[in-house]
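First comes the structure, then the notes that go with it.
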Amino acid sequence: MIGTHAKKSVISALGAVLLVAAGLFCLPPAAQSAGQHTGHRVVLQVSDDSPKTWNQALNVVKNIQQAYGKDKVRIEVVAFGNGIGMLKMDSEVGNRVGEALQSGAKVYACENTMRGRKLSKDDMLSSIGYVPAGVIEIINKQKQGWSVIRP
Amino acid sequence: MIGTHAKKSVISALGAVLLVAAGLFCLPPAAQSAGQHTGHRVVLQVSDDSPKTWNQALNVVKNIQQAYGKDKVRIEVVAFGNGIGMLKMDSEVGNRVGEALQSGAKVYACENTMRGRKLSKDDMLSSIGYVPAGVIEIINKQKQGWSVIRP
Amino acid sequence: MIGTHAKKSVISALGAVLLVAAGLFCLPPAAQSAGQHTGHRVVLQVSDDSPKTWNQALNVVKNIQQAYGKDKVRIEVVAFGNGIGMLKMDSEVGNRVGEALQSGAKVYACENTMRGRKLSKDDMLSSIGYVPAGVIEIINKQKQGWSVIRP
(Lines give C-alpha, C1' and ligand atoms only; values in the text may rest on other atoms or scores of the structure.)
Protein backbone atom coordinates (compact mmCIF):
# COMPACT_ATOMS: atom_id res chain seq x y z
CA MET A 1 0.00 0.00 0.00
CA ILE A 2 1.13 3.54 -0.67
CA GLY A 3 0.45 6.04 2.13
CA THR A 4 -1.86 8.99 1.39
CA HIS A 5 1.08 11.33 1.75
CA ALA A 6 3.16 9.53 -0.83
CA LYS A 7 0.21 9.29 -3.21
CA LYS A 8 -0.34 13.04 -2.91
CA SER A 9 3.29 13.76 -3.72
CA VAL A 10 3.09 11.64 -6.86
CA ILE A 11 -0.10 13.42 -7.82
CA SER A 12 1.44 16.88 -7.34
CA ALA A 13 4.53 15.92 -9.32
CA LEU A 14 2.34 14.73 -12.12
CA GLY A 15 0.08 17.74 -11.81
CA ALA A 16 3.09 19.92 -12.52
CA VAL A 17 4.10 17.80 -15.50
CA LEU A 18 0.53 18.03 -16.72
CA LEU A 19 0.41 21.81 -16.51
CA VAL A 20 3.66 22.22 -18.39
CA ALA A 21 2.65 19.67 -21.00
CA ALA A 22 -0.77 21.23 -21.43
CA GLY A 23 0.98 24.55 -21.99
CA LEU A 24 3.26 23.03 -24.62
CA PHE A 25 0.62 21.04 -26.46
CA CYS A 26 -2.45 23.17 -26.26
CA LEU A 27 -1.46 26.73 -27.04
CA PRO A 28 -3.34 27.91 -30.13
CA PRO A 29 -1.09 28.13 -33.23
CA ALA A 30 -1.18 31.93 -33.20
CA ALA A 31 0.23 32.15 -29.69
CA GLN A 32 2.80 29.47 -30.49
CA SER A 33 4.21 31.25 -33.50
CA ALA A 34 4.08 34.70 -31.95
CA GLY A 35 5.78 33.46 -28.79
CA GLN A 36 3.59 35.76 -26.69
CA HIS A 37 0.35 37.69 -26.75
CA THR A 38 0.71 40.54 -29.20
CA GLY A 39 -2.58 42.42 -29.09
CA HIS A 40 -4.75 43.22 -32.09
CA ARG A 41 -3.34 42.47 -35.52
CA VAL A 42 -5.21 43.04 -38.76
CA VAL A 43 -4.29 42.54 -42.42
CA LEU A 44 -6.33 44.42 -45.00
CA GLN A 45 -6.44 42.93 -48.50
CA VAL A 46 -6.74 45.33 -51.45
CA SER A 47 -7.21 43.60 -54.80
CA ASP A 48 -9.82 45.75 -56.58
CA ASP A 49 -8.96 48.45 -59.10
CA SER A 50 -11.55 50.84 -57.66
CA PRO A 51 -10.45 54.04 -55.87
CA LYS A 52 -13.72 53.74 -53.92
CA THR A 53 -12.42 50.51 -52.43
CA TRP A 54 -8.98 52.01 -51.82
CA ASN A 55 -10.56 54.88 -49.87
CA GLN A 56 -12.67 52.39 -47.99
CA ALA A 57 -9.58 50.39 -47.00
CA LEU A 58 -7.95 53.59 -45.72
CA ASN A 59 -11.10 54.46 -43.76
CA VAL A 60 -10.97 51.01 -42.22
CA VAL A 61 -7.35 51.62 -41.13
CA LYS A 62 -8.53 54.76 -39.28
CA ASN A 63 -11.57 53.09 -37.74
CA ILE A 64 -9.52 50.19 -36.43
CA GLN A 65 -6.92 52.57 -34.97
CA GLN A 66 -9.67 54.61 -33.29
CA ALA A 67 -11.36 51.53 -31.85
CA TYR A 68 -8.25 49.86 -30.43
CA GLY A 69 -5.90 52.82 -29.99
CA LYS A 70 -3.10 53.45 -32.51
CA ASP A 71 -0.46 51.92 -30.25
CA LYS A 72 -2.46 48.81 -29.49
CA VAL A 73 -2.97 47.45 -32.96
CA ARG A 74 -0.70 46.37 -35.80
CA ILE A 75 -2.19 46.93 -39.26
CA GLU A 76 -0.89 45.80 -42.63
CA VAL A 77 -2.40 46.83 -45.95
CA VAL A 78 -1.44 44.38 -48.72
CA ALA A 79 -2.20 45.38 -52.33
CA PHE A 80 -1.98 42.84 -55.13
CA GLY A 81 -3.47 42.15 -58.55
CA ASN A 82 -5.98 44.77 -59.64
CA GLY A 83 -5.37 46.57 -56.35
CA ILE A 84 -1.77 47.47 -57.17
CA GLY A 85 -2.83 50.86 -58.64
CA MET A 86 -3.53 52.03 -55.09
CA LEU A 87 0.23 52.15 -54.50
CA LYS A 88 1.44 53.56 -57.81
CA MET A 89 3.04 57.01 -57.94
CA ASP A 90 -0.04 58.41 -59.68
CA SER A 91 -2.53 56.84 -57.24
CA GLU A 92 -5.59 58.98 -56.49
CA VAL A 93 -5.16 58.09 -52.84
CA GLY A 94 -1.40 58.66 -52.63
CA ASN A 95 -1.71 61.32 -49.92
CA ARG A 96 -3.93 59.13 -47.79
CA VAL A 97 -1.51 56.19 -48.14
CA GLY A 98 1.18 58.54 -46.81
CA GLU A 99 -1.03 59.41 -43.84
CA ALA A 100 -1.68 55.73 -43.13
CA LEU A 101 2.09 55.09 -43.11
CA GLN A 102 2.59 58.08 -40.79
CA SER A 103 -0.05 56.69 -38.43
CA GLY A 104 1.95 53.48 -38.03
CA ALA A 105 0.26 51.15 -40.50
CA LYS A 106 2.46 49.10 -42.84
CA VAL A 107 1.64 49.15 -46.54
CA TYR A 108 2.96 46.47 -48.90
CA ALA A 109 2.90 46.02 -52.67
CA CYS A 110 3.02 42.53 -54.22
CA GLU A 111 6.20 41.99 -56.25
CA ASN A 112 4.56 39.18 -58.27
CA THR A 113 1.96 41.64 -59.49
CA MET A 114 4.59 44.32 -60.19
CA ARG A 115 6.62 41.90 -62.31
CA GLY A 116 3.49 40.89 -64.23
CA ARG A 117 2.70 44.55 -64.96
CA LYS A 118 6.29 45.64 -65.58
CA LEU A 119 6.28 48.02 -62.64
CA SER A 120 9.50 48.89 -60.81
CA LYS A 121 9.88 50.43 -57.37
CA ASP A 122 10.42 53.78 -59.15
CA ASP A 123 6.81 53.59 -60.32
CA MET A 124 5.52 53.20 -56.79
CA LEU A 125 4.78 55.53 -53.87
CA SER A 126 7.78 56.10 -51.66
CA SER A 127 7.96 54.67 -48.14
CA ILE A 128 5.81 51.64 -48.91
CA GLY A 129 7.18 48.14 -48.39
CA TYR A 130 7.25 45.09 -50.64
CA VAL A 131 6.36 41.42 -50.28
CA PRO A 132 7.25 38.67 -52.78
CA ALA A 133 3.61 37.52 -53.12
CA GLY A 134 0.68 39.43 -51.61
CA VAL A 135 -1.57 36.42 -51.29
CA ILE A 136 1.08 34.39 -49.47
CA GLU A 137 1.66 37.29 -47.06
CA ILE A 138 -2.06 37.28 -46.25
CA ILE A 139 -2.20 33.49 -45.82
CA ASN A 140 0.87 33.55 -43.54
CA LYS A 141 -0.44 36.35 -41.35
CA GLN A 142 -3.78 34.59 -41.00
CA LYS A 143 -2.01 31.40 -39.92
CA GLN A 144 -0.18 33.47 -37.30
CA GLY A 145 -3.51 34.62 -35.86
CA TRP A 146 -3.99 37.96 -37.58
CA SER A 147 -7.53 38.96 -38.56
CA VAL A 148 -7.95 39.30 -42.31
CA ILE A 149 -10.40 41.81 -43.76
CA ARG A 150 -11.01 42.60 -47.44
CA PRO A 151 -12.68 46.02 -47.22
CA MET B 1 7.45 -1.84 -4.62
CA ILE B 2 3.91 -0.58 -5.12
CA GLY B 3 1.24 -3.25 -5.68
CA THR B 4 -0.50 -3.31 -9.06
CA HIS B 5 -3.71 -2.34 -7.33
CA ALA B 6 -2.23 0.79 -5.73
CA LYS B 7 -0.50 1.78 -8.96
CA LYS B 8 -3.81 1.52 -10.80
CA SER B 9 -5.58 3.76 -8.29
CA VAL B 10 -2.90 6.46 -8.68
CA ILE B 11 -3.24 6.16 -12.42
CA SER B 12 -7.02 6.53 -12.32
CA ALA B 13 -6.83 9.53 -10.00
CA LEU B 14 -4.41 11.18 -12.36
CA GLY B 15 -6.43 10.15 -15.37
CA ALA B 16 -9.33 12.12 -13.92
CA VAL B 17 -7.13 15.16 -13.26
CA LEU B 18 -5.85 14.85 -16.78
CA LEU B 19 -9.30 14.79 -18.34
CA VAL B 20 -10.46 17.84 -16.41
CA ALA B 21 -7.24 19.73 -17.12
CA ALA B 22 -7.36 18.81 -20.79
CA GLY B 23 -10.89 20.15 -20.89
CA LEU B 24 -9.82 23.43 -19.29
CA PHE B 25 -6.67 23.98 -21.30
CA CYS B 26 -7.46 22.61 -24.68
CA LEU B 27 -10.87 23.91 -25.66
CA PRO B 28 -10.54 25.94 -28.83
CA PRO B 29 -10.75 29.74 -28.24
CA ALA B 30 -14.21 29.92 -29.81
CA ALA B 31 -15.67 27.42 -27.39
CA GLN B 32 -13.89 29.08 -24.47
CA SER B 33 -15.31 32.51 -25.17
CA ALA B 34 -18.77 31.23 -25.99
CA GLY B 35 -18.89 29.22 -22.78
CA GLN B 36 -20.44 26.26 -24.61
CA HIS B 37 -20.91 24.79 -28.05
CA THR B 38 -23.19 27.10 -30.01
CA GLY B 39 -23.66 25.49 -33.41
CA HIS B 40 -23.09 27.24 -36.71
CA ARG B 41 -22.45 30.95 -36.64
CA VAL B 42 -21.79 33.06 -39.73
CA VAL B 43 -21.15 36.79 -40.26
CA LEU B 44 -21.73 38.17 -43.73
CA GLN B 45 -19.81 41.35 -44.63
CA VAL B 46 -21.46 43.80 -47.04
CA SER B 47 -19.21 46.69 -48.08
CA ASP B 48 -19.95 47.12 -51.81
CA ASP B 49 -22.37 49.67 -53.20
CA SER B 50 -23.79 47.19 -55.68
CA PRO B 51 -27.41 45.94 -55.36
CA LYS B 52 -26.18 42.79 -57.13
CA THR B 53 -23.93 42.11 -54.17
CA TRP B 54 -26.70 42.97 -51.70
CA ASN B 55 -29.01 40.45 -53.35
CA GLN B 56 -26.21 37.93 -53.33
CA ALA B 57 -25.69 38.42 -49.60
CA LEU B 58 -29.41 37.87 -49.01
CA ASN B 59 -29.33 34.72 -51.17
CA VAL B 60 -26.44 33.49 -49.05
CA VAL B 61 -28.51 34.03 -45.88
CA LYS B 62 -31.20 31.76 -47.36
CA ASN B 63 -28.76 29.12 -48.56
CA ILE B 64 -27.08 28.91 -45.18
CA GLN B 65 -30.43 28.62 -43.41
CA GLN B 66 -31.51 25.88 -45.82
CA ALA B 67 -28.27 23.95 -45.39
CA TYR B 68 -28.11 24.04 -41.59
CA GLY B 69 -31.77 24.56 -40.66
CA LYS B 70 -33.04 28.01 -39.63
CA ASP B 71 -32.98 27.15 -35.94
CA LYS B 72 -29.48 25.71 -36.00
CA VAL B 73 -27.51 28.66 -37.29
CA ARG B 74 -26.97 32.23 -36.15
CA ILE B 75 -26.41 34.69 -38.99
CA GLU B 76 -25.37 38.34 -38.84
CA VAL B 77 -25.26 40.65 -41.85
CA VAL B 78 -22.97 43.65 -41.19
CA ALA B 79 -23.06 46.54 -43.67
CA PHE B 80 -20.42 49.25 -43.61
CA GLY B 81 -18.72 51.74 -45.93
CA ASN B 82 -20.03 51.55 -49.48
CA GLY B 83 -22.38 48.78 -48.38
CA ILE B 84 -24.44 51.05 -46.11
CA GLY B 85 -26.92 51.81 -48.92
CA MET B 86 -28.27 48.28 -48.54
CA LEU B 87 -29.85 49.36 -45.26
CA LYS B 88 -31.11 52.82 -46.17
CA MET B 89 -34.85 53.51 -46.29
CA ASP B 90 -34.72 53.72 -50.08
CA SER B 91 -32.72 50.50 -50.51
CA GLU B 92 -33.63 48.45 -53.58
CA VAL B 93 -33.52 45.35 -51.39
CA GLY B 94 -35.48 46.76 -48.44
CA ASN B 95 -38.19 44.10 -48.67
CA ARG B 96 -35.69 41.29 -48.77
CA VAL B 97 -33.83 42.73 -45.74
CA GLY B 98 -37.19 42.62 -43.94
CA GLU B 99 -37.59 38.97 -44.90
CA ALA B 100 -34.09 38.15 -43.66
CA LEU B 101 -34.91 39.77 -40.31
CA GLN B 102 -38.19 37.79 -40.15
CA SER B 103 -36.27 34.59 -40.82
CA GLY B 104 -34.15 35.16 -37.72
CA ALA B 105 -31.00 36.75 -39.17
CA LYS B 106 -29.62 39.87 -37.49
CA VAL B 107 -28.79 42.86 -39.68
CA TYR B 108 -26.51 45.64 -38.48
CA ALA B 109 -25.50 49.03 -39.86
CA CYS B 110 -22.14 50.60 -39.00
CA GLU B 111 -22.52 53.81 -36.98
CA ASN B 112 -19.05 55.01 -38.03
CA THR B 113 -20.16 54.92 -41.64
CA MET B 114 -23.48 56.61 -40.83
CA ARG B 115 -21.71 59.47 -39.06
CA GLY B 116 -19.33 59.90 -42.01
CA ARG B 117 -22.28 60.09 -44.42
CA LYS B 118 -24.53 62.16 -42.14
CA LEU B 119 -27.13 59.41 -41.91
CA SER B 120 -29.38 59.11 -38.86
CA LYS B 121 -31.47 56.14 -37.79
CA ASP B 122 -34.47 57.88 -39.40
CA ASP B 123 -32.76 57.39 -42.77
CA MET B 124 -32.46 53.67 -42.26
CA LEU B 125 -34.74 50.65 -42.63
CA SER B 126 -36.72 49.93 -39.49
CA SER B 127 -35.99 46.85 -37.34
CA ILE B 128 -32.30 46.71 -38.19
CA GLY B 129 -29.68 46.93 -35.47
CA TYR B 130 -26.58 49.09 -35.11
CA VAL B 131 -22.94 48.50 -34.21
CA PRO B 132 -20.39 51.23 -33.41
CA ALA B 133 -17.92 49.98 -36.07
CA GLY B 134 -18.81 47.33 -38.62
CA VAL B 135 -15.25 46.16 -39.15
CA ILE B 136 -14.66 45.71 -35.42
CA GLU B 137 -17.89 43.69 -35.13
CA ILE B 138 -16.60 41.37 -37.86
CA ILE B 139 -13.15 41.03 -36.28
CA ASN B 140 -14.68 40.29 -32.88
CA LYS B 141 -17.08 37.68 -34.18
CA GLN B 142 -14.26 35.99 -36.09
CA LYS B 143 -12.16 35.85 -32.91
CA GLN B 144 -15.13 34.20 -31.17
CA GLY B 145 -15.13 31.45 -33.78
CA TRP B 146 -17.77 32.70 -36.22
CA SER B 147 -17.22 32.02 -39.92
CA VAL B 148 -16.83 35.23 -41.93
CA ILE B 149 -18.00 35.40 -45.53
CA ARG B 150 -17.95 38.44 -47.82
CA PRO B 151 -20.50 37.41 -50.47
CA MET C 1 6.87 5.17 1.49
CA ILE C 2 7.28 4.43 -2.19
CA GLY C 3 10.83 3.84 -3.39
CA THR C 4 12.26 6.32 -5.93
CA HIS C 5 12.27 3.55 -8.47
CA ALA C 6 8.58 2.80 -8.04
CA LYS C 7 7.66 6.49 -8.10
CA LYS C 8 9.55 6.90 -11.37
CA SER C 9 7.72 4.01 -12.93
CA VAL C 10 4.34 5.52 -12.01
CA ILE C 11 5.49 8.83 -13.42
CA SER C 12 6.58 7.29 -16.70
CA ALA C 13 3.34 5.37 -17.03
CA LEU C 14 1.40 8.54 -16.49
CA GLY C 15 3.70 10.50 -18.76
CA ALA C 16 2.77 8.13 -21.53
CA VAL C 17 -0.95 8.48 -20.77
CA LEU C 18 -0.47 12.22 -20.76
CA LEU C 19 1.20 12.32 -24.14
CA VAL C 20 -1.49 10.20 -25.74
CA ALA C 21 -4.28 12.19 -24.09
CA ALA C 22 -2.69 15.49 -25.06
CA GLY C 23 -2.55 14.19 -28.60
CA LEU C 24 -6.23 13.28 -28.51
CA PHE C 25 -7.51 16.40 -26.81
CA CYS C 26 -5.29 19.16 -28.03
CA LEU C 27 -4.84 18.71 -31.74
CA PRO C 28 -6.26 21.72 -33.55
CA PRO C 29 -9.62 20.96 -35.25
CA ALA C 30 -8.00 21.03 -38.70
CA ALA C 31 -5.53 18.30 -37.83
CA GLN C 32 -8.24 16.27 -36.08
CA SER C 33 -10.56 16.22 -39.05
CA ALA C 34 -7.79 15.68 -41.57
CA GLY C 35 -6.35 12.81 -39.54
CA GLN C 36 -2.82 14.00 -40.23
CA HIS C 37 -0.83 17.04 -41.25
CA THR C 38 -1.70 17.88 -44.82
CA GLY C 39 0.40 20.87 -45.76
CA HIS C 40 -0.93 24.05 -47.32
CA ARG C 41 -4.61 24.15 -48.24
CA VAL C 42 -6.32 27.16 -49.78
CA VAL C 43 -9.90 27.78 -50.94
CA LEU C 44 -10.46 30.63 -53.39
CA GLN C 45 -13.93 32.17 -53.45
CA VAL C 46 -15.21 33.57 -56.75
CA SER C 47 -18.54 35.38 -56.47
CA ASP C 48 -18.10 38.42 -58.76
CA ASP C 49 -19.33 38.56 -62.33
CA SER C 50 -16.17 40.27 -63.53
CA PRO C 51 -13.73 38.45 -65.85
CA LYS C 52 -11.03 40.68 -64.32
CA THR C 53 -11.68 38.99 -60.99
CA TRP C 54 -11.81 35.55 -62.61
CA ASN C 55 -8.40 36.12 -64.17
CA GLN C 56 -7.14 37.39 -60.86
CA ALA C 57 -8.34 34.22 -59.11
CA LEU C 58 -6.52 32.12 -61.71
CA ASN C 59 -3.36 34.19 -61.25
CA VAL C 60 -3.61 33.56 -57.54
CA VAL C 61 -3.80 29.80 -58.17
CA LYS C 62 -0.50 30.05 -60.07
CA ASN C 63 1.18 32.26 -57.50
CA ILE C 64 0.25 29.94 -54.66
CA GLN C 65 1.51 26.91 -56.59
CA GLN C 66 4.77 28.70 -57.35
CA ALA C 67 5.27 29.76 -53.75
CA TYR C 68 4.58 26.40 -52.11
CA GLY C 69 5.34 23.99 -54.95
CA LYS C 70 2.50 22.40 -56.96
CA ASP C 71 2.72 19.13 -55.06
CA LYS C 72 2.76 20.74 -51.65
CA VAL C 73 -0.51 22.64 -51.74
CA ARG C 74 -4.15 21.73 -52.26
CA ILE C 75 -6.20 24.46 -53.94
CA GLU C 76 -9.96 24.65 -54.47
CA VAL C 77 -11.67 27.34 -56.52
CA VAL C 78 -15.35 27.64 -55.57
CA ALA C 79 -17.60 29.76 -57.80
CA PHE C 80 -21.09 30.74 -56.68
CA GLY C 81 -23.66 33.49 -57.22
CA ASN C 82 -22.48 36.15 -59.66
CA GLY C 83 -19.21 34.23 -60.05
CA ILE C 84 -20.85 31.23 -61.72
CA GLY C 85 -20.21 32.68 -65.20
CA MET C 86 -16.54 31.86 -64.74
CA LEU C 87 -17.40 28.19 -65.15
CA LYS C 88 -19.98 28.35 -67.94
CA MET C 89 -19.20 26.83 -71.34
CA ASP C 90 -18.89 30.32 -72.86
CA SER C 91 -16.61 31.66 -70.09
CA GLU C 92 -13.94 34.10 -71.25
CA VAL C 93 -11.49 32.27 -69.05
CA GLY C 94 -12.48 28.72 -70.02
CA ASN C 95 -9.00 27.86 -71.28
CA ARG C 96 -7.35 29.10 -68.13
CA VAL C 97 -9.79 27.11 -65.97
CA GLY C 98 -8.70 24.05 -67.94
CA GLU C 99 -5.05 24.87 -67.21
CA ALA C 100 -5.80 25.27 -63.50
CA LEU C 101 -7.47 21.83 -63.47
CA GLN C 102 -4.46 20.36 -65.31
CA SER C 103 -2.14 21.88 -62.72
CA GLY C 104 -3.92 19.98 -59.95
CA ALA C 105 -6.33 22.58 -58.59
CA LYS C 106 -9.94 21.57 -58.03
CA VAL C 107 -12.66 23.81 -59.43
CA TYR C 108 -16.26 23.62 -58.16
CA ALA C 109 -19.53 25.20 -59.26
CA CYS C 110 -22.35 25.81 -56.76
CA GLU C 111 -25.44 23.73 -57.56
CA ASN C 112 -27.70 26.12 -55.59
CA THR C 113 -26.67 28.91 -57.94
CA MET C 114 -27.08 26.70 -61.01
CA ARG C 115 -30.63 25.77 -60.00
CA GLY C 116 -31.46 29.45 -59.38
CA ARG C 117 -30.19 30.34 -62.87
CA LYS C 118 -31.58 27.25 -64.63
CA LEU C 119 -28.12 26.02 -65.58
CA SER C 120 -27.45 22.32 -66.09
CA LYS C 121 -24.12 20.54 -66.17
CA ASP C 122 -24.35 20.65 -69.98
CA ASP C 123 -24.04 24.44 -69.75
CA MET C 124 -20.82 24.22 -67.79
CA LEU C 125 -17.15 23.66 -68.61
CA SER C 126 -16.21 20.00 -68.69
CA SER C 127 -13.98 18.47 -65.99
CA ILE C 128 -15.12 20.83 -63.25
CA GLY C 129 -16.69 19.49 -60.07
CA TYR C 130 -19.88 20.43 -58.24
CA VAL C 131 -20.82 21.22 -54.65
CA PRO C 132 -24.40 21.50 -53.32
CA ALA C 133 -23.79 24.99 -51.87
CA GLY C 134 -20.65 27.01 -52.56
CA VAL C 135 -20.83 29.04 -49.39
CA ILE C 136 -21.21 25.94 -47.21
CA GLU C 137 -18.19 24.36 -48.94
CA ILE C 138 -16.14 27.44 -48.06
CA ILE C 139 -17.36 27.51 -44.44
CA ASN C 140 -16.61 23.79 -44.02
CA LYS C 141 -13.13 24.03 -45.48
CA GLN C 142 -12.35 27.02 -43.26
CA LYS C 143 -13.48 25.05 -40.20
CA GLN C 144 -11.12 22.25 -41.28
CA GLY C 145 -8.21 24.70 -41.25
CA TRP C 146 -7.99 25.72 -44.90
CA SER C 147 -7.06 29.32 -45.68
CA VAL C 148 -9.85 31.20 -47.45
CA ILE C 149 -9.04 33.94 -49.94
CA ARG C 150 -11.50 35.93 -52.04
CA PRO C 151 -9.22 37.27 -54.80
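By written order: A, B and C. Residues from 1 in each chain.
By definition in this document, a contact is a pair of C-beta atoms (placed from the backbone, for glycine too) under 8 Å apart; a residue touches a chain by one contact, two chains touch by 3 or more.
Just so we're clear, the structure is a prediction, and the values are computed from it rather than from any experiment.
Over half of interface residue numbers shared between subunit A and subunit B means same, under half means different, so which is it?
Different: fewer than half of the residue numbers at the subunit A-subunit B interface appear in both copies.
What angle of turn lays subunit A on top of subunit C when you fit their CA atoms, given in steps of 5 degrees?
That rotation is 120 degrees, given to the nearest 5.
Centroid of subunit A to centroid of subunit B, CA atoms only: how many Å?
21
I need the residues of subunit B touching at least two other chains; which ones are they?
Each of 2, 10, 14, 18, 22, 25-26, 28, 150 in subunit B touches at least two other chains.
Mind pulling up the subunit A residues that touch subunit B in the complex?
1-2, 7, 10-11, 14-15, 18-19, 22-23, 25-26, 28, 40, 42, 52-53, 56, 59-60, 63-64, 66-67, 147, 149-151
Within their complex, state which residues of subunit B touch subunit A.
Touching subunit A from subunit B are residues 2-3, 6, 9-10, 13-14, 17-18, 21-22, 25-26, 28-29, 45, 47, 49, 81-82, 112, 116, 132-133, 135-136, 138-139, 142-143, 150.
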